[in-house]
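Below is one structure. I have some questions about it.
Going by the order they are written in, the chains are A, B and C; count residues from 1 in each one.
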Amino acid sequence: MKSQMIDSTPGDVLSARAAYNERLARLADKTRAVWFPLAILVILLVLPLLQFVGNYNYMLHLVLLTASYVAMAAGWNILGGFAGYISLGHNVFFAIGGYFAGMILARFGISAIIMAPVAGLVAAAFGYAIGLITLRVRGPAFIISSIAMVMIARLLFDNWHFVGGANGVTLPAPNLSSQWAKLPYYYAMVAIAAVTVWSSYRIKHSKFGLGLRAISKDEIKAESAGIDTRFYKVTAFAISAFFIGMTGAVWGEYLTYIRPSIFLVILIAANMVLMCILGGKGTVAGPVIGAVLLVAFNEFFVAMMGASELNILGTGVIMAVMLMFFPLGIVGTLALKGKLPRILNWD
Amino acid sequence: MEQIIQVTILGIGLGGVFALMGSGLSLVFGVMRIVNLAHPSLIIAGAFTAYWGFRLWGIDPLVMLPVATLLLAAIGVLLYKIFFERNAKSATYSEMTVLLTFAIAMIIEGALGAMFSNTQRVTSPSYATDAFFLGDIFIPKGQLYAGMVSMLIIGLLAAFLKYSRLGYAIRATTQNRDAAALLGVNVNMVGLMSFAIGIGLAGAAGALTSFVFSFFPAKHWEWIAVLMSLVVMGGMGSIVGTVVASFGLSIVAAFVGAYVGSTWSTMTFFLALFLVLLFRPQGLFGEKPELL
Amino acid sequence: MTEFLKVEGITAGYGDGPAILDGAHMTVQQGKVHCIIGPNGAGKSTLMKVIAGMLPVRKGEVIFKGENLKGLRPDQTLRRGIAFVPQERALFPKMTVRENLRMGGYILNNDRERDRRIDEIFDRFPILRERADQHAGTMSGGQQQTLAMARTLILRPEIVMFDEPSLGLAPMIVREMFAIVRMIAEQGVTVLLVEQNAVMGLKHADWGVVLDLGRTLFEGPAQEVLHDPRIQELYLGGRKVA
């Protein structure tokens, strides 16, 4: 055994290693099911055709809602899942995107759907600036600072007369019949969700994403390995704010009003976190699965039982159970056991 | 001049109640290294206990205070048994427990909301709206009583920690968990007791709060940031630091409320939390950051 | 020679991690000073943690006066008379010296007896009486180590284990620490000592135990171990022992 190791030249070892890595990569390719998310996307794109044969507004609303949460959760996942910085305040960027696009719409009549990327950039700029400050700390201190961020934002928006204070601003509704009124927002939100998930896949497999994962494993080691951790973290913060800001922009116009009590409530931030924990933090499919399940659960509670308090209670219970028993989430737990179905392996 | 004295008095009155709210949180963090985001929601549960005692049977909230304390202490034991006894030794333990207490806060808010609905309430014993007058300066009786009772309870807590056997064990576990275990301290039991005492204090604070502030189940989110500012500034785990920070910040907040605008007085706490966390995470008096 | 504490074939490690100790053994005689030496990572501290009950034994046994200590918690070994001062930070920095000593007698149920024993400690270590109401964390390194060692005596243990009492102390203070160790042994208390500085440790010990890679290489009377050529090879890198 020992003599063998001495005999083998470094070149042999390296080529053996390369072959091994290649085999692993091929294995991953074979188990990854790219066709599945694409198929879902195609189905979602043709789904509104149902409006020709009947009224499926509620279903479209649900898809739209789910898509908005997919985008937010997948956006949150870039900072919280990949880099490991848990933020309970990311709804601030939801609000920034919503308010920016909403005010443009109210003042200049430019649709938030067109302005969404700009709103995302504004949110990203805020994210970058806030990240420069709050990412100085990590762990519980970072979590608490993110809560403080929401409280400060809420107080500011509640008292900012230009944006209507606590009453917010009513936005003009689109000039479409109720049959088709949802469609622009539907397509916008599905597109944003798809772009966000695809981006998170690309980020995860980039050098940048590798750096983020190194930070979440051991930040000091990552730093000593030559990763500019500060730049990586702050950039991840800005990118996640970008996607959430875009979502906020479309969401505000869809609701036809912007108001602090819509954007800056803790349940929205909690949902983003919970969706990722439920589906699997740091995985690509996790936030999507989490969003679908949680929206279904919320609808069940609110629509069937009509009590938002019970909804909060149930959200808390699910979160506690997941944290205690399945901290890796659905995707993570199944993958660990080697039982992840191929259609859910998007990583 | 008179107005300055007046504002200071109002600040001190609030500071007393906040000190009691924060000391339980600080105790639990000291022993267990758990940032208990559910603490404010448990204070609301204590406030509801006093509220219903007064509404249903006309019992004075000060009399309901021991009841709320014991009830919440029992809830504290339950929470410890269900959520925290399994000592997770993972590297992300502290982060995981923050999210876990966040989930518990939602559970308690949801349960209270489902039972009692999200309307503003306040317990109104006669003294809640009464005041003493010293010349032109008025001292609201409700705040005065609440502040005095708070100080009394904190004094008792300090004496308990200083002199009792369990108090020694709690302090020792806070300062050096492994060394305490090696000297024969059952650190798991100490964790349980600190939870019972810490959450019991939340119950006591809730009973006092019930006639000082109006409250509703969802109000605790605002208090999370307020209480965190107190314990973080005081140096997590230091009860003396928490008390000092409570009075200091409350007085500043009272002045902000009087001279800048009442809506901005809570901003004092939020900004203080933000600034302390980022620039002096060990707190004003601490030597090493506990939270990182 | 009475076999007082017997450590045999111990395998142990942290969590699911690899075995740090892999079949270590040592003989412990009553009333003697035993010095455990070995290079970094040899498993010296781990052996003490196993005896104290801080780490579970995977294989092998620790037998104290005929009783197998397997599966006992630290507080249980403490009640049987085995006290342990871990490396560094064994004190409660924000408690006073007196309060630290009281913690040393935490498992005593008689407060008066405890305070009487604390008084005895004060007689033996006058510096501690002088500093009785000072926070432990504000004392010098040597004084803190003195307090940590003195604190174990409150329970009148049969065995005390010190993990590197000389760590981070000036050479003169180190000599004081070893004087304390000798004094404790003269009271009839058995001492186990982990020492980084092998020469220094063995000079003050009666019995030497050499660990490497989780195994006991050999053990014997301290003087013989000190002059054993194997030691110089393994541990001192061939340098001549002074």
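By definition in this document, contacts are C-beta pairs under 8 Å (C-beta built on N, C-alpha and C of every residue); 3 or more make two chains touch, one makes a residue touch a chain.
Treat the numbers as computed from the prediction; the structure is a model and nothing was measured.
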item	value
Steps in the shortest chain-to-chain touch route ending at chain C and beginning at chain A	2
Best-connected chain pair, where connection means C-beta pairs in contact	A-B
Central chain (by mean CA position)	B
Centroid spacing, where centroids are CA-atom means, of chain A and chain C in whole angstrom	53
Distance between chain centroids, defined by C-alpha means - chain B, chain C (Å)	42
Gap in Å, rounded to a whole number, between the CA centres of chain B and chain A	33
Chain B - residues contacting chain C, complex	89, 165, 168-169, 171-172, 175-176, 178-186
Residue numbers on chain C that touch chain B, as the complex places them	15, 52, 54, 74-75, 78-79, 84, 86, 89-95, 99, 102-104, 106-107, 151
Chain B-facing residues of chain A, complex	86, 88, 133-134, 136-141, 143-145, 147-149, 151-152, 155, 158-159, 266, 270, 273, 277, 307-317, 319-320, 323-324, 327
Parts of chain B lying in touch with chain A, wherever the complex brings them together	35, 37, 83, 86, 94-96, 98-100, 102-114, 117-118, 217, 221-222, 224-225, 228-229, 232, 263-264, 266-267, 270-271, 273-274, 277-278, 281, 289, 291-292
